[in-house]
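When the chains are written out, they are named A, B and C in that same order, and each has its own residue count from 1.
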Amino acid sequence: MVPHAMHEVPPESITKVVSGIVTRYHGEKRHLMRMLQEIQAVYGYLPREALEELSRLTGIPLVDILTVATFYHQFKLERPGYYIILVCMGTACHLKGNLDNYEAMRSFLGLGKYEKTAKDGTVTIEKARCFGACSLAPVVMVVSRDGKERYLHGHVTLQEARRIVAKYRALALRKMRGEK
Amino acid sequence: MVKVYVNDKPVEVGEGAHLLDAIIKAGYSVPTLCFFKEIYREASCRMCIVELANGRLVPACAYPVSEGLKIYTDTERVRRNRRVILELILAAHRMKCQSCPRKGGYCLLLDLAKEYGVEGIPVCAECPLHESECLLTKGIPCLGPITMAGCNSPCTREGTPCIGCRGPITRKDVLEEAAKLYLKYNIDLDELYSKMKLFWNNHPKLDYIYNVIKEVIKKNTKEGSLR
Amino acid sequence: MTWSLMDKCCDRCWHSPEYPCRHYIRCRLNGPLCHEDPECRKKRENRLREIMYGKYGFKIKVPMASCTIAAGAREVYDAVIKEVKSRGIRVDVRKTGCMGMCYIDPWIELVKEGMPAAIYANVKPEDIPKIIKEYLEGDVSGAFALRYRTGKAKGEDKVPLLEELEPWKNQVRWVSRNCGIVDPESIEEYIALGGYRGLDRALNMKPEEVIEEIRKSGLRGRGGAGFPTWLKWKIAREQPGDVKYIIMNADEGDPGAFMNRLLAESDPHRVLEGMIIAAYAIGASKGFIFVRAEKPLMAERLAKAVEQARKYGLLGENILGRGFSFDVEVILSAGAFVCGEETALIAAIEGRTSPRQRPPYPATRGLWGKPTIINNVETLAHVATIMAEGWEKFVKYGTEKTKGTKMFCVTGSVKRTGAYEVPVGTTIEKLVMEIAGGPPEGRKVKAVQIGGPSGGCIPASLLSTPIDYETLQKAGAIMGSGGIVVIDDHSCMVDVAKFFTSFTVAESCGKCFPCRIGMKILYDTLEKITNGEGTEEDIEILEELGDVIRSSSLCALGGTAPNPVLSTLRYFKDEYLAHVRDKRCPAKVCTRLVEYWINPEKCTGCGTCAKNCPANAITGEPGKKYVIDPSKCIRCGRCYITCPVGAVEKR
């Protein structure tokens, strides 16, 4: 289920990263959400191995960790694409047709019913909660999976939506090639 | 001690008690599904709801008593709400009554469904024949899996198959589960159909029921997956 | 380093967080208080002037809040810096927050001593050189509005004053007074405009007296429930034990509501001040600010404010020497709408999930079992302002039951989207039509959604309803946090109900049956109806199920979730009936109930639609016009979303 993770995350690094985080929070259950946020800040998502290591080091049952990880929307259990395209599902954006934009983007990438990420790992398309930029509805926000880049696009039309997907896909390809 | 009124009957309970304690002490009862004293008092199932004098519905298992509180355990509104919640539970419930360890008198869902008039549970839930005692395992065509419970299954109790006199269940998922059973135990579909015709001849969904079962059997026979 | 109002005027001043001076706040503006020295006094006065007009008597303010940044404020800021550098202009360029008139984003303000402060709207980076040039030449004719006139600038009679504009003159900027004026990252500017006076006054009173002042003001929680703030505080205060907590609920989750974000990004010290006052009133020594993950700038600004307050001894041990110790931690939520609910918020901080049955209420047993007060961002902003201005000023506005003002975000089909603050009791009509300018040309208001996914839709016929907790409840909506979405005649009310229901289904925590299963069935039934497969029996199911979910759910999320469905059924039954009886969507929104047609004037003959049609209902040849066969069309809408030129139309 997590093929990307297996290739991208060296196992030695997981122990080092997680134990560093656990030490800082004394492994206390009350800091569970924060520890998970820090793990996600490193990998861009929560690798299963990291959660298992977290459970091992803190003694918090894995089921409790997964309860929190699957409950809150911010946590991702699958590695996202280089860019994550967030389509705002706020009221104003919905009334201005953002659902059509969402479908158009997915169709443009040829995503299957339960797929969210393009097969080449460039972009992920997700529905997002309201950003509070309602005057620019319909709004689409694009963030890089390392959290460093953030771009907000307003007044997005169907054509613009497709252009956004194409643009960030191309950008991701260039950056990913540069990465290697 | 705190005095509260259950269905206008005064009763005294300890300070930290909950409405449920008062209700039981006063000699009344409310259904509970998720409540498990000292282990689970989170009021998730909402079946134990009772009505306060101001009209608010609160869960008896988790709501604390306070002096002079008036609660009503069986108003029309309470009953209506409990019925609908039960329908919701059953709508999301995977009904595999034929193989359920709680069949034959230990199923609280069935008891509640009978009390609140909710239909959809098959006769298998009432039938006391467990596992190898089940008539289906002996190749006998029994309509239990697709007939509405409520009779306390006198026929199967005596060893004779259910003949469907209470009427069919038309819920697709129940029919599909039943079809898998019929396939597993090699029950002849045509024999089953002739039994269905006995009491369901004039039922508008008779053919629908037959077709759903036939489709599932056909699908699983071709793939050879269920044998 | 520039000398700041926060610093000591001379060596006679001994204030520090470790050895705080009781008069520190008052001294910032009126000082020095402990000694006479015209030099020290002058120093303060000069600095105040600098804050008003900038170091060189010329200031350019660029609002940097999430909404303005989204509209391009960063590029405008960079253009301003570039221009002033290249022309060697001596000017103070400062960030401010947003004043709520989102429809003019991005805007900038120029103020020079002697000149009117001029606001320029919808500014593009390339306009900057011209704007600055003209302003420096004394010409304000290109401005959108002026804050005041001085009689010395060219064209100032032609430009309206801000307070003369429709969207502004009906507002009462009680808590939003500093938004768009101060630099949100400067505690000094907040203090220069009278900030932290409220805290100073509160610390001079007993905690019970603070509670009494809030009681006299009649302040009701602005987060949605409208519970009297003083009463909640009193209950917590009277609980036994030394450990108590206060939590600022900055988890503004309603789609279409951004008042809290605006306040926290534009005037964070005000809400922080309110929090410190609240902590003092209830006897809390630790506070948490719980911010939504989706609003990172909000979290940043609040965290910075906390840091600054700590630096000058307004947070920490023995605040202002009054023996009261209190500190704050900012926590980022991980994204869950239900966290706006008190007990779920507490669960999130504790590292768990899901709300719990109340009573006991958090005020008696909350975070880690201790008495906990949870107040909304806007409520705390009111607390600070009431303590500074006095309860008498607050009660001048509002209605019998609810005093004061409230911020509302008006979005959707209006000309002037924005966040506006008005006295409670203002009619919906005034807010939507006068202040927000009503719908754009050619559209009519059909309904107004108030209270987000927990609220209801009020039809256009009831626009004269005054906005108050009880009046809205009677009409089938709720005040909520103040998000108002204007729905026009191009929207389908059944689709709107379905939209809000899908939101609640996704956000339901799953703990109780009515909400977890019931809302999903509600959604499935609505989907059936919008797909043209609904029956009149389905409408009855919606009514009954909606009522059961509303009355038996465990928390307020489930308790209010059916409101959009119930209120649209109440006022727009005819639309539902059209969907089930005639299989028609009057507003032409529901995909399956709409006829798709290729407009031959727009069609370029590319054939994308035909390639994507799963029913082979589109015929044509490359280069020629394509046509949909309505008898084969299954109304999936794929042609509509894949056409590259928008030639497929709905009718």
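As a working rule, contacts are C-beta pairs under 8 Å (C-beta built on N, C-alpha and C of every residue); 3 or more make two chains touch, one makes a residue touch a chain.
Keep in mind the model is a prediction, meaning the values are calculated, not measured.
Asks: Line, ring, star, complete or other: which one describes how these chains touch?
Replies: Topology of the interface graph: linear, an open chain of contacts.
Asks: Which chains share more C-beta contacts than any other pair?
Replies: Highest contact count among chain pairs: A-C.
Asks: Rounded to a whole Å, what is the gap between the Cα centroids of subunit A and subunit C?
Replies: 25
Asks: If you average the CA atoms of subunit A and of subunit B, how far apart do the two points sit, in angstrom?
Replies: Going by mean C-alpha positions, subunit A sits 42 Å from subunit B.
Asks: If you average the Cα atoms of subunit B and of subunit C to get two centres, how far apart are those centres in Å?
Replies: Whole-Å distance between the two chain centres: 47.
Asks: Could you list, by residue number, the parts of subunit A that touch subunit C in their complex?
Replies: Where subunit A meets subunit C, its residues are 28-34, 36-37, 67-68, 71-75, 89-95, 100, 103-104, 107-108, 128-137, 139, 152, 154, 157-159, 162.
Asks: Can you list the residues on subunit B that touch subunit C in the complex?
Replies: Subunit B residues touching subunit C: 42-46, 49, 57, 59, 62-64, 77, 80-81, 84-85, 88-89, 91-92.
Asks: Can you list the subunit C residues touching subunit A in their complex?
Replies: 66-67, 69-71, 102-103, 105, 252-258, 261, 293-295, 331-337, 348-354, 368, 409, 411-413, 417-418, 449, 452, 483, 485, 487, 491, 496, 499-500, 503, 509, 612, 637-638, 640-646
Asks: Going by the contact rule at the top, pick out the subunit C residues touching subunit B in the complex.
Replies: Against subunit B, the touching part of subunit C is residues 356-357, 359-360, 511-514, 517-518, 521, 544-545, 548, 551-554.
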